[in-house]
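Below you'll find a set of structures to go through.
There are two complexes below, and they share chain A, which is joined by chain B in the first and by chain C in the second.
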Partner chain A sequence: MADAVATTQELRIVGQPIQRHDARDKVAAAMAYAGDFALPGMLHAFVLRSPYPSARIVKLDTQRAAAMPGVAVVLTARDVPKNTLSTDVPGQTTTVGPLRATLHVLAEDRVRHQGEPVALIAAETLEQARAATEAVDVEYAPLPSVFTTADALAPGAPAVHESGNLLAQWRIARGDVAAGFARAAVVVEGEYVTQFVDAAYLEPESGVAWIDSDGVITIRLSTQVIEHFRDVAEVLNVPQNRVRVIGTYLGGGFGGKEDVTVEVYLGLLALKTGRPVKMVWTRQESLLARAKRHPYRLKYRTGALATGEIVAQEIDLLADSGAYAYLSALVLLYSTVTAAGPYRAPNVSVVARVAYTNNPPTSAMRGFGAMQTVFGYESQMDRVARALGIDPVRVRAVNTLRRGDSLPVGQVMETHVAIPELARRAWAALGTPAAPRAPHVKVGRGLACNLQPYGRIVWLHDWSSAWIGFEMDGSLVVRCGAPDVGGGQASSLCQIASEVLGVPLDRIVVHVSDSALTPLSGTTTASRQLYMSGNAVLKAARELRAQLLTVAARLLDTDAEKLEMIDGAVHAPDARTLSLRSLLVECARASVPRSHLGVYHAPAGEPVDLNAGAGKVFPDYTFGAHAAEVEVDTETGEVRVLKYAAAHDVGRAINPQSVEGQIQGGAVQGLGYGLMEDVVVEDGINLTTSFATYLIPTAADVPDVEAIVVESGEGLGPFNARGIGEPPIGPPAAAVANAIEDATGARMTRLPITAERVARALGLVTE
Partner chain B sequence: MIRLTVNGQAHELDVPSYRTLLDCLRYDLGLTGSKEGCGVGVCGACTVLLDGKMISSCIALAVFADGREVTTVEGLAEDERLHPVQQAFMDAGGFQCGICTPGQVVAAKALLDAIPHPSEAEIKEWMLGNLCRCTGYYKIVESIQAAAGQARA
Partner chain C sequence: MRYEAPESVQGAVALLAAANGDARVLAGGTDLLVQMRADVVEPELIVDIKRIRETRAVTQENGGWRIGAAVTGAELKEHAPLKQAWPGVVEAANLIGSTQVQGRATLGGNLCNGSPAADSVPALIAAGAVAKLAGPHGQRDLPVEDVMLGPRTLALRPGEFVVSFLLPPRPPRSADAYLRFIPRTEMDIAVVGAGVSIAVDGAGTITAARVSLGAVAPRVLLVAEAAQAIIGSRLDDAAQERLAAAARAACRPIDDKRGTTEFRVDVAGVLARRAALIAMDRARTR
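Up next is the complex of A and B:
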């Protein structure tokens, strides 16, 4: 392990449901989100987007638009210093990866999806910018196109890119699959289909850019990745230290603000006009333009012994990347690694492919490829249990990976896999079964478990840094580049610093997410921020503590190890105390620094050869089990979730209130995915570009989610925490599908599970 | 020219007839607490009170508020003291990213004005026009129950 982060000491602040420092600003609406910011003399900017999913640009004339009242500038591809944007592996690492994923900042001679950016317009007012956007003279000649992955991979299919439509593939093979099936008492086969969904954060993409008095192009926006300042610099062809990204507290991210959104456009417009520029996407634009979650076709063939023990898995995955690569190859890697679930799979083969189409691009979203597979492996697990007449909790316990076992990819599980306990507790939390409300209403229960990596792929050599320093009055400053997406990332860092340095929370100020002024700490993605930056803060705080206590020990004439830092003072074993203020004065006199920069490096490794199937891919995993009780109206197909329990082993809950919030919010997003959310794309045209048509769960749609927080003390994060940002979104769709089969005998294999689909499965509707 | 009172303060404004009340609040009056989440009246991020009644300010025209009284989220706290609904959201953790929170607290205040002791079903029914993508609603419902002086059943 790269750094020792474990602790056994008694905790005072960590583990408490403390009030977050951002609470008051948020309830009082005093938080200045990206779209709330304004500067004098600011221009308003718009993007002109392609209405066609696949077309050649025959003519692009901006003269008329540029001459319109109030228009400051109209930009096309020709005006972009370097029109290629790299879109793979953002954050603290810039190299390594299966391929270089790129796209054009503005389309050159061809568009490959509806909504692809073609021109940028900035004007004095929003209305003028909008009017000018409509005045850009552009002509398209439609090109052959392809809208399904099956068509895309068929011989002779129109090529979305010259490199061909197969973007990436991964394969894993372990053991002897044929021999496994030969031993099996039961073989279950299933094909599952998942849909496009949108991150649908309530805050659309937004930001303001200006050239600051030091000449640095400064962009203040809502982003999960401030390190995109490098990508902006590359596109503008300026040195990286001439671009600064200030990340605001986000109004939600969920992976949708991991890729570049408005920052490159804003940087370009500020550079070209020399004026401050603001860009705020409407909901319609956000739904049209931002990358979606990958639709998958998942084929599973599973063989099990009469005991329920799985002895063979044959898995074939096919994902839709849409028109550009973005993070698709990595999303697919997550699917490949997690394809068999948190279970032993001695004989397994996984073939995973992702193809280009002329659909909307797909990229990162909470769960990142480890989500779609849950619907596959947990539907299969349930079918195995049903075929063999085994209890759903037991069949999972029988197959759960144990410490020392390895995943199909050959990664050995180094920490505790709590699946049996989590499954038992989630299942028990459903309590006594509800009685059906009417004869035509059936009630059933389902269980689904998952594993989700936290932290980045080990060959990305991930790291994070944080700076902690005392002011002379004993108040404390934490600086860390981590964007706060709303999960309380920044507040957890305060808790950790408070714990180690004994400074009350109201005496700590945290500055986050500024590429110029906070030490870089990588992306708030991959459930990594608490793990990585929490460890960086922990390291910084421990080393700072050691620095200070050496001086305190001299003043108190005792050993540093015997001293405690509590409530703003140093305490000696004999009850003598030393105020922080006097200690800091003495540090100043003795030239002992009152600050420290902590850098945490995650366990690193070399790229594994998936074909050889041996090696570590992720630092560690978080495990969960969700249980649902549903009622199904057998006359209409309508499904209502009556009860829901979600259990996760979070290692340690730094702030239990935030952890519960993550679990409840993630589970409800997962229920939306399972039951209602659907970006409807027909022949490459997105038909759901409004919240009136793209429906997400409301308060009235969802059950009370009982969050069950289990603390095994086994994580790699600070105080042995595990990442909990993504994991809770994984199991709901499968838990509900399993409950529906329990209630009605119908097996739902396509998401979302709408009333219409259930009605069809129940034979209520025929073609 | 329209005259409207916002959070107790009288304003006279020249606004184009197509200007929404939300844009008027955010851009003309600098009250950025109300947010735009959808622009079509379905997410509730822009919720304000017009003569005490809850509306979506993104689909109301500013001219419609002529001669009337608007209360925005900025008008809930008195001096430095948070409104009890805001305090409850803070204590119960009824927020995460916080972008929906202004709309949630305004809608919750309107609910408690109309029904001081709502049942859980009444809360969910009233609040269904206020989307939240982060919390899963559990702690929002809990916050409203706390503000109404109830513990969760």
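Up next is the complex of A and C:
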């Protein structure tokens, strides 16, 4: 978009590493999270969940439970006004045609995964609610079940849903793959397997609901999507304006709070009892019940010329959706689009499928299907380089998409792809190689690059809105529906408003995440919030500025274009100033509004027919390159990451501190994915429902992550920023796998790369 | 549930012996409280032993060291003379949990929780530590390797508890070491643990050794064959190989998501050898 401020003036506030207004409270444990709220007379709620991965409900009797001490209500499917919940594309858009995905709020006659909600209990105390849960009389008759995608797609497999086990598939093809392979000097084939992982945020799913004095069912919770108020209203069968969702500052979301969590239960219970209700999932419940990241099996066949230039790619992806669709079809679309990486792929075929099983459901998680593919295409890239004896940075530079090139899906790259520079800088940041500290230790290095869409699929017609208004004393209020999931979303909006309107940050207050009182801004997902709401705030601020400066120009008897707004005053070129306060008084007198609502519409497009193979899918992409140095214990297989550098082109860093935080956090979460995180599911039963068994990295497991922030000025966001929420989680697993091969010669193809798997690859384990 | 905090050994024994229903000793509580919250145990009586002087002291006794059963990992870490004499025991105790857990976790709790993966137990066994038990029929001494019989099963009689541990006197040129293997760097349960204590003569030949392995059998093992494999050697390559082979031969591990049987067996050999090398190194320089 037009960018007068950025190009004609030096930026004063945007680009500064400003300490976020929420940072201190969080460190000092003063932040009130969703679970910290309480109301007088509040009930406590608990969900009864299925212990079986696949069963018919033969009997469900709540009489005994309802009679237990302190129990206010016990609900089953029969008590839910409309027991169907839509689970596709939350946010502003609700029609996506054939991708419609639904599930039951509470199970009716059948459960399809362990942890599926069966009944809902509210009681005076949490202990009473739990006790009553155990008194619900449920009988299950186990049904045939299926636990691997291969089994699910085999003929005669038990059907998880009547529609069959193949939930979605995408196919794209460009060029002539066979001819490409015929020209190739080297062909590399690999099959990669990734695992279920959990968002594992510090703050589990939680919220409180009550019926407010205006009769509106109000739900204050930890969510990435306040627009779920519509889904709640649908289930409760009340008008949408009768439900209000207030989002709190989150203790992490990572996609796990993109789908509905506690809000429908809380709404139902508040409606049925007329009393305030609270629900906080335990860690065990969160690890059991939340949707996971999709496990993938990725098959790659890659052909390259002796120069390293890739001339053929044959890709086959198969993902596990678990028992319900949720966002699986879209996750798979992200995989399909990104399957060949940020590289030219003149001859390519991608077949991508996602299947139902009786495993835990899978849905959104940071990276959203564009992550699993990095492990595939970057492992392949490294093998090509190794086979041809080409330097890892060079092989990537040779293949990088240029402006004007097309992705396999036919989308033309309209912005700069900084992969060569990012790769060079990340690689150089590793410095001189560490000497092995013992004879049994080997040291190696690996590189991995990625592309990650930011913003929503163009045919979802995404938009965001924000309201900015001055108080009479010149202080500023920003209202924007965007939930702050911990990435500094709210604070960056203040920085943008401050830049344009010249109001110091300590004179700005931002209200976010309230479906009734803040303009809707869409989900804090898809790395879209800075891009979308940043643009909405920028638009509101610029339009408000223009409004005010017309008045100021009259007072100062000069042209509005010559005026500047700095530090709470309007400055004329001849050094005369006008205080904001006087300007606002004059606006009031002259009936010029002191506030403005800005609405930003992302570039939209029509759905592309992937099979026909052409078109724009995403507004733009963020690119990255990560480099890792690891040591491998050649007697035990243990891997330690010694050094780590992560470079991303963020277009422009609105707040470099927040950008570095996203890069470091993403890299660490990605290292957890690469090296240890694993939701172990055996025959549909989750064996890792505590942090003693579901291992995530501790501070002792990761080195300092050097964040390299590159600003090409090429993004679609405010001041040409790009989204950086998801991108940094993509490359770590592949970077580490590539480093391990560099150190030991062993190629790791299955995640997580545990010591035992490395030991086996090194032939250390005697059967 | 009743909570008592007696101030004498006799007082604790009286409470434990008189209890009907499940009575539990409470030391740091880092196992017990977790298990209570998870409804794994529901004791009727809790006897907190931290007010009993004998359980909280580290004292010298006949040239050896007596460590109270309720002394915490953090306290052991601060005890320079003990650390000097038994570095392996102290480093094992200090591996338990995190800084926070260290402020509570005790040797007595680690042993009496009855986990085959308890970190300090192989180090105590390699050190030749003897537990002092107090019960309704008086006190008795029991080598640590005889206290635990299997997962969650102890040789303690009704009403008995562990008051303290005695580590024997340290001969010159002797030392110990403990190593464990876990899937991440901290805060995790051992897949394999190996404790080794070694004494060498002036020529650097091993004159005495004890080797103990954790997490590779239903109870922590004292592996005499592994010790035999290095006694009389200078821990040359061949002796190291014999040690690793003997350690592996003794393993009877479970197979689970943390580590398959084969992997645990393999790593047990590696750790036994590495722990021996560290102990040897320490012994030579004393």
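Basically, the second predicted complex is superposed on the first by the 755 of 767 C-alpha atoms of A that agree within 3 Å, B and C clash if a C-alpha of one lies under 4 Å from a C-alpha of the other, contacts with A are read in each partner's own complex, and residues count from 1 in each chain.
Following the convention adopted for this analysis, a contact is a pair of C-beta atoms (placed from the backbone, for glycine too) under 8 Å apart; a residue touches a chain by one contact, two chains touch by 3 or more.
Just so it is clear, the model here is predicted, and its values are computed rather than measured.
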First, second, both or neither for A:Ser658, with chain B first and chain C second: first
Touched partner set for A:Ala179, first chain B, second chain C, both or neither: neither
Greater residue coverage of chain A in the superposed arrangement, chain B or chain C: B
First, second, both or neither for A:Glu756, with chain B first and chain C second: second
Touched partner set for A:Val193, first chain B, second chain C, both or neither: neither
Contacts of A:Val680 with chain B and chain C, given as first, second, both or neither: second
Contacts of A:Thr766 with chain B and chain C, given as first, second, both or neither: second
First, second, both or neither for A:Ala692, with chain B first and chain C second: both
First (chain B), second (chain C), both or neither touched by A:Leu517: neither
Chain B versus chain C as contact partner of A:Ala28, first or second or both or neither: first
Common ground on chain A, meaning residues reached by chain C in one complex and by chain B in the other: 692, 697-698, 700-701
List of chain A residues in touch with chain C within their complex: 635-636, 638, 640, 676, 678, 680, 687-688, 692-693, 695, 697-698, 700-701, 754-756, 759-760, 764-767
Touching residues (chain side chain A, partner chain B) in the complex: 17, 19-20, 22-33, 35-36, 199-204, 249-252, 254, 282-284, 485-488, 657-658, 660-662, 664-669, 690-692, 696-702, 704-705, 707
Interfacial residue positions of chain B with respect to chain A in the complex: 26, 32-40, 42-43, 45, 73-74, 76-77, 82, 86-87, 89-91, 93, 95-102, 105, 123-125, 127-141
Contact set on chain C toward chain A in their complex: 181, 183-189, 257, 259-260, 262-263, 265-267, 270
